[in-house]
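In the two complexes below, chain A is the common chain; its partner is chain B in one and chain C in the other.
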Partner chain A sequence: MRMLLAVALLLALLPFGLPPYAMTLLTEALIMGLFAMSLDLMVGYARLISFGHAAAYGLGAYTCGNILLHTDIPLPFAVLLAGLFSGIVAIGVAWVCTQATGVSFSMLTLAFAQLLYAVAFKWTPVTGASDGLAGIPRSPGPFGVTWFATKSGFYYLTMACLIGGFLFARALVRSPFGAVLRGIRENEAKTLSLGYNTRLYKIAVVAASYMLGGLAGALYAPFAGFANTELLFWLLSGQVLIMVIVGGTGTLVGPILGAVFFLFVQQQLSTYTDSWALFFGVIFIGFVLFAPEGILGLARRWTRAH
Partner chain B sequence: MTGLNRRTLLSAAAAAPVVLRHARGETPIKIGMPLALTGPSGEIGQQMRHGAEFWLKEVNAAGGLLGRQVALQIEDTTGDPATCVRKAQEVVERDGCKLLFGMVLSSEALAVVPKLAEWNAIFMSSDNGDGRLTGSSFVPNFFRANISGPMETRVISLWLREGQMKKFFALGMDYAWGHNSIGVFKDEVTKAGKTFLGDVYSPIGTKDFSTYITKIRQSGADGCFLVLQGDDNAAFLSQAHEYRLSDRVQLITSIVDLNSIHAVGDAAIGLAGSTRYVATIDNPANKAFVADWQKQFNALPDVFEGEQYQACKMLQAGIEAAKSIDAEKLRPALEVATIDSIKGKIAMRACDHQAVQGGYIVKVKKQDGAKYPVPEIIATFPGDKVTPACRQMTFES
Partner chain C sequence: MDVSAFLVTQSLNALSQAALLFFLGCGLTLIFGIMRIVNFAHGAFFMLGAYVGWSAVGLTGSFWAALLFAPILVGGFGAAFEMGLLRRLYGRDGHAFLMVTFGLTLIMGEAIRLIWGVNALQVEIPKLLSGIVFILDEPFPIYRLFLAGAGIVVAIGIWQFLERTRLGLLIRATSQNAEMVHALGTDVRLVRSAVFGIGCGLAGIGGVLAAPMVTASLGMAPNAVIDTFVIVIIGGMGSFLGSMIGAVLVAFVQVFGSYFFPDFAMSFMYLIMATILVFRPGGLLGKEA
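Right, the complex of A and B next:
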C-alpha cells in the first residue's frame, strides 16, 4: 500500500517540470499500461490467452469518440461509459469464445476482433471507415470544469483511471473470485469438480478485462483526438500480449511496466531505424528464453539477491 | 543518389554558414513534414519530399528566410492517419516546428487539422484534395496552396461539357478524397444534363482491379472517371490496358502524373484528364523551375514535385510579408499572399484559405524520340471558373 502511494505521488508530481512532448509520451504510456494490465487479468490469472484484445481497445475508442462527437456528455463520464459498454459487449463475446478452450479460445478472440475490424471498415456513419473519426473533442464538464481538456488535466484523468483500474483489478484477484480464477488456471477440471461453474467465472473475467481495456481505448480517443481501424487491428492485439509477457504475467504491475518499456524502446529505436520491430523481436525472444517471469520477475530476483 | 545521401548533403550544405549563424545567435527555421514515404502512397510522399528539398536548397543558397536558414524535419507516416497525428505531434512538441508541410492522404490531414490550434502551428498543404478541409472541416491555421479534389473534378466537368460523351461511370479509392471527388463529379455531370450511371470504390492498396474493370465495361458508359493515385493508379492502368478497356471507354483521370505513365508505359496513351501540375506549362517562372530541376536531376518535375514547390513558395511569401513565423502574424499575411507561381499568378483567399488557381486538361500522347508517352495540355480553365465559392464543395453554374 505504501508502495502504491509512493508511485501515485511520483506520477502526480511528474507533470511539473516535464516538457510538453514528454507529457504526451507519459500519458500514452499510462494508457497503454492500463490496456496491458487489463489483458493480464485474462492471461495471468485465468490462462485465457486472447489474440484479439484490440477489440476491447477499439470498442472503447469508437464508443467514446462517438459520445464526445455527438453528445455534450462531459469527458470523464464519456470515458467511463465507453469502458462499461466495452465490458457489456464482452459478455456476449465471452459467451461464444468460452465454448472453446486453449488455442481455439485464442483463435475465437482473434476472429471476433477481426470481425469488428471488418465492420469498422464498412460502417461509415459510426466509424468513418478508413478515414476514421477525426477531431474528437475533450468535452468540458462536469459542472463547467474545463481542466480535463488541458494537457496536465488529461494526464491526471488518465492517471486516475489507471490507479482506479489497478485497485479494481487487484481487489478482484485477491477476492475469493480471484482464487477460483487461479484454480481455473492451474487445473480447470479440478475446479469444475469442486462445484464451481468455471465458464461463468471465465465470462466474468473476460468482461472485467474488456471493461478496463475499453477504458484505455476510451482514453486514447480524446488523447489523440482521432480513432481509426488500426485500433482494432491484430497488430495491436499482438503488441499488447508482448507487453504483458515482457512485463510479467499474473502480476498486474508487470504489464504496466511492460507497456512503458515497450513504448520507450519503440521510441528510442524508431529514431535510428525503421525496422525497430525486428530489434524488439530479439528483445522479446530474449525475455521468453531467459526471463520468462518478465521485467517484474527480474526486478524481484535482483532485490532478493541484494 | 539515395535519400539518405541527399539528406547528408543537404545538412552539410546547411551547416556551411554555421559560424555566421552562431555569431548572430540564430537558429534555423524548422518545418515539420510528416509524409507517407512507404506504403501505397509512398511515391507521392517521395515526390513531395523532393519538391520541398529542392526549394530548401534554393532558399538556403539565397540566404534563407528572414536571415535564418531553413531545415526540414521529415517523418514517415506510412499513410496511416493515426501514425500521422503522432508524427505531427512529435515534430511540433519534440522538435519545436511551428510550420508544417506534408500529409499525403486527405484522411491524414483531416485527422491533424483539429490539433493545429492547440499547437499554434500553421499547416501549408501541397497535396490534400478533400474539399472539406476548406469547407466543413476548415480551421484557421490550415492553408491549401494546391488545387483541391472538387476543383480538379470541376476542370474535368467543364471540359466534358464541350465534349460528345453522354454516360459516365466512376471508380475511386475508398477514402476521403475518392468519395469527395466522385460526389462532386456526379453533381457536375448531372447538372450538365448528362447521365451518371454509378460508382465503385476500391480499398487503398488494391492490386487486382479485374472485378472493377468488369463493372466499368458492363456499365455501358462512354467515359469512366478515375480517382486513383500512386501504386493503385499504376496497377489499374496496366490492367485496364490488358483488358483493352480504353477501346470501349474513354478513361478520364483526376490526376495525370508522370510516375504512373512511366510505370505503365504505352498503356497510358490516350488517357485524358486533369492534372494539378505539368512541366509543359508555358510561363517564365515554370521555365526557370523546370530548367533548374532538369539540371539537378536530369528529369522533368512531376505533379507533386511542382505542387510542393508552389506550396513552399506560398509559405515563403507569407513569411517574408509577415517577417515572422508566429502563427498569429503569419496567418493574416498568408491570407492575402499572391505569388507568381509556376502555374501563373496564384492568390490565397482569406475566407477559406484556398489558393485560387486555374486547371489543366491533358491527354497522354506518344512523342517521337521520348522514352515515355507525354502529357500534352489540351485545355486550360481560369481560376475564377475552377475555384468554388467560399467554403463550398459544389458549383453554382
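Right, the complex of A and C next:
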C-alpha cells in the first residue's frame, strides 16, 4: 500500500517537471499500461491466452469516439461508459470463445477481433471505414469543467483510470473469485470437480478484462483525437501480449512496466534508427531466452541477490 | 457471360487461390503437429520466399531455377533457426514460441526492407505460362491454371511423402508420441528440425509462386499469416487433410464472397471460422481441443 501511494504521488508530481512532449509520451504509456494490465487478468490469472485483445481496445475507442462526437456527455463519463460497453459485449464474446480451450481459445479470440476489424472497415456511418473517426473532441464537463481537455488534466484522468483499474483488478485477484481463477490456471479439471462452474468464472474474468481494456481504448480516442482500424488489428493484439509477457505475467504491475518499457524503447530506438523493429525483435527473443520471468521477475531476482 | 462459364472460371480462380493458401497452411499444420507450436513467423517465411525468388530470377534469368532454389534457401534458414534458437525452448510453455517467432517476424520484415528496399518488386510470369486460354469462351490466365495444378501436384506429393517414405513415417510417429520415437533410437531433434525446415520451405514455394501475381511487397507477411491461421484452425491444427479442406473452403468463400457481397467478404471468413470452432472446437478434422 505504501509503495502504491509513493508511485501515485510520483506520477502526480511528474507533470511539474516534464516538458509537454514527454507528458504526451507518458500519457500514452499509462494508457498502454492499463491495456496490458487488463490482458494480464486473463493471461496471468486464468491462463486464457487471448490473441485478440485489440478487440477490447478498439471497441472502447470507437464507442468513446462516437459518444464524444455525437452527444454532449462529458469526457470522464464517456470514457467510463465506453469501458462498460466493452465489458458487456465481452460477455457474448466470452460465451462463444470459452466453448474452446487452449490454442483454439486463442484463435477464437483472434477470429472475433478480426471480425470486428473487418466490420470496422465497412460500417462507414459508425466507424468511418478506412478513414476512421477523426476530430474526436474532449467534451467539457461535468458542470462545465474544461480542465480534463488540457494536457495535464487529461494526464490526471488517465492516471486516475490506471490506478482505479489497478485497485479493481487487485481486489479481484485477491478475492475468493481470484482464488478460483488461479485454480483454473493450475488445474481446471480439479477446480471443476470441486464444484465450481469454471466456464462462468472464465466468462466473468474475460468481461472484467475487456472492461478495463475498453477503458484504455476509450482513453486513447480523445487522447489521439482519432480512432482507426489499426486499433483493432491483430498486430496490436500481438504487441500487448508481448508487453504482458515481457513485463511478467500474473503480477498486474509487471505488464504496466512492460508497456512503459515497450513504448520507451520504441521511442528511443526510432530516434536513432529507422530499423527499430529489428532491434525490438532481438530484445524480445533475448527476454524469452534469458529472462522468461519478465522485467518484474528480473528485478525481484536482482534485489534478492543484493 | 453465361452461368456455367462464370461458375467454372470463378471456381478455377478459387482453386488457384486455394493452392497458395495450401502451401502456407500445410507447412504450418505440419509444424504444429510435430512440435505443438504455432509458428507466427510463417508469413515472414512466405514473404522471404517471394523476395529470394525475385533475386533468383534476376540472377539466373529463369523462373524455374528460382522455384527450385528459393524454397531450399528459405527452408534451410528455417531449419537453422530451429536448431539455433527454438531447440532451446522445448519444455517451456507456448508463450515462449509465440514470442520468439513474433520477434523473428519483426526481424525478418525489417531485414527484408533493408536488403530489398520498400518498393514492391514485380516478378515476370515465365513465357510458357503467360497469356490466356479460353474456357467456355471466357478468357482465363494460364498462370492461374498452373497454380491450381501445382497445388494439386504438391498436395499429392506431400501426402505420398508422409505415407510412403521413411522420413514421412518418422514424422507421423513423432507427432503421435515423440518420446517413444526417441526411445526407439531416432534423434527426434533432427526430425523436428527437418519438419520446421520443410514447413518453411513450403511457405517459400508459396512465396515464389505468389510473386508474379501479387508482386513481392512488405505487406505480404501479415496478410498471409492471418489467412493461414484461419485455414489451419478451420481444418484442425496438425491435420494435413484438414489444411487442404480449409484452404479450399477459405479460397471459395473469398472469391465468391467478394463477387457477390464485396462488403462482407472479409467478415465471412472469420464468421465461418468462429462457427466451426463453436461446434467443433478442434477444427473440422482436428482432435477435440
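Note that the second predicted complex is superposed on the first by the 306 of 306 C-alpha atoms of A that agree within 3 Å, B and C clash if a C-alpha of one lies under 4 Å from a C-alpha of the other, contacts with A are read in each partner's own complex, and residues count from 1 in each chain.
As a convention for this text, a residue touches a chain if its C-beta (ideal position, glycine included) is under 8 Å from a C-beta of that chain, and two chains touch if they have at least 3 such contacts.
Treat the numbers as computed from the prediction; the structure is a model and nothing was measured.
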item	value
Overlay on chain A: chain C relative to chain B, clash or fit	fit
Which of chain B and chain C A:2 touches, first, second, both or neither	neither
Chain B versus chain C as contact partner of A:135, first or second or both or neither	first
Partner chain in contact with A:306 - chain B first, chain C second, else both or neither	neither
Which partner, chain B or chain C, touches more chain A residues	C
Chain B versus chain C as contact partner of A:20, first or second or both or neither	first
Which superposed partner A:235 touches (first chain B, second chain C, both, neither)	second
Once both complexes are placed on the shared chain, angle at chain A toward chain B and chain C, C-alpha, multiple of 10 degrees	70
Superposed arrangement (fit on chain A Cα atoms) - minimum chain B/chain C Cα distance in Å	6
Common interface residues of chain A - those touching chain B in one complex and chain C in the other	121
Contacting residues of chain B [partner chain A, same complex]	38, 76, 80-83, 85-86, 89-90, 93-94, 106-107, 110-111, 113-115, 137, 174-176, 203-204
Touch list for chain A against partner chain C, complex	49, 96, 99-104, 107-108, 110-112, 114-115, 118-119, 121-122, 234-235, 238, 241-242, 245, 249, 275, 277-278, 280-285, 287-289, 292
Chain B contact footprint on chain A (complex, rising order)	19-21, 24, 121, 129-132, 134-135, 224-228, 230-231, 274
List of chain C residues in touch with chain A within their complex	38, 40, 85, 88-89, 92, 94-96, 98-100, 102-107, 109-111, 113-114, 222, 226, 229-230, 233, 237, 263-264, 266-267, 270-271, 273-274, 277-278, 281-283, 289
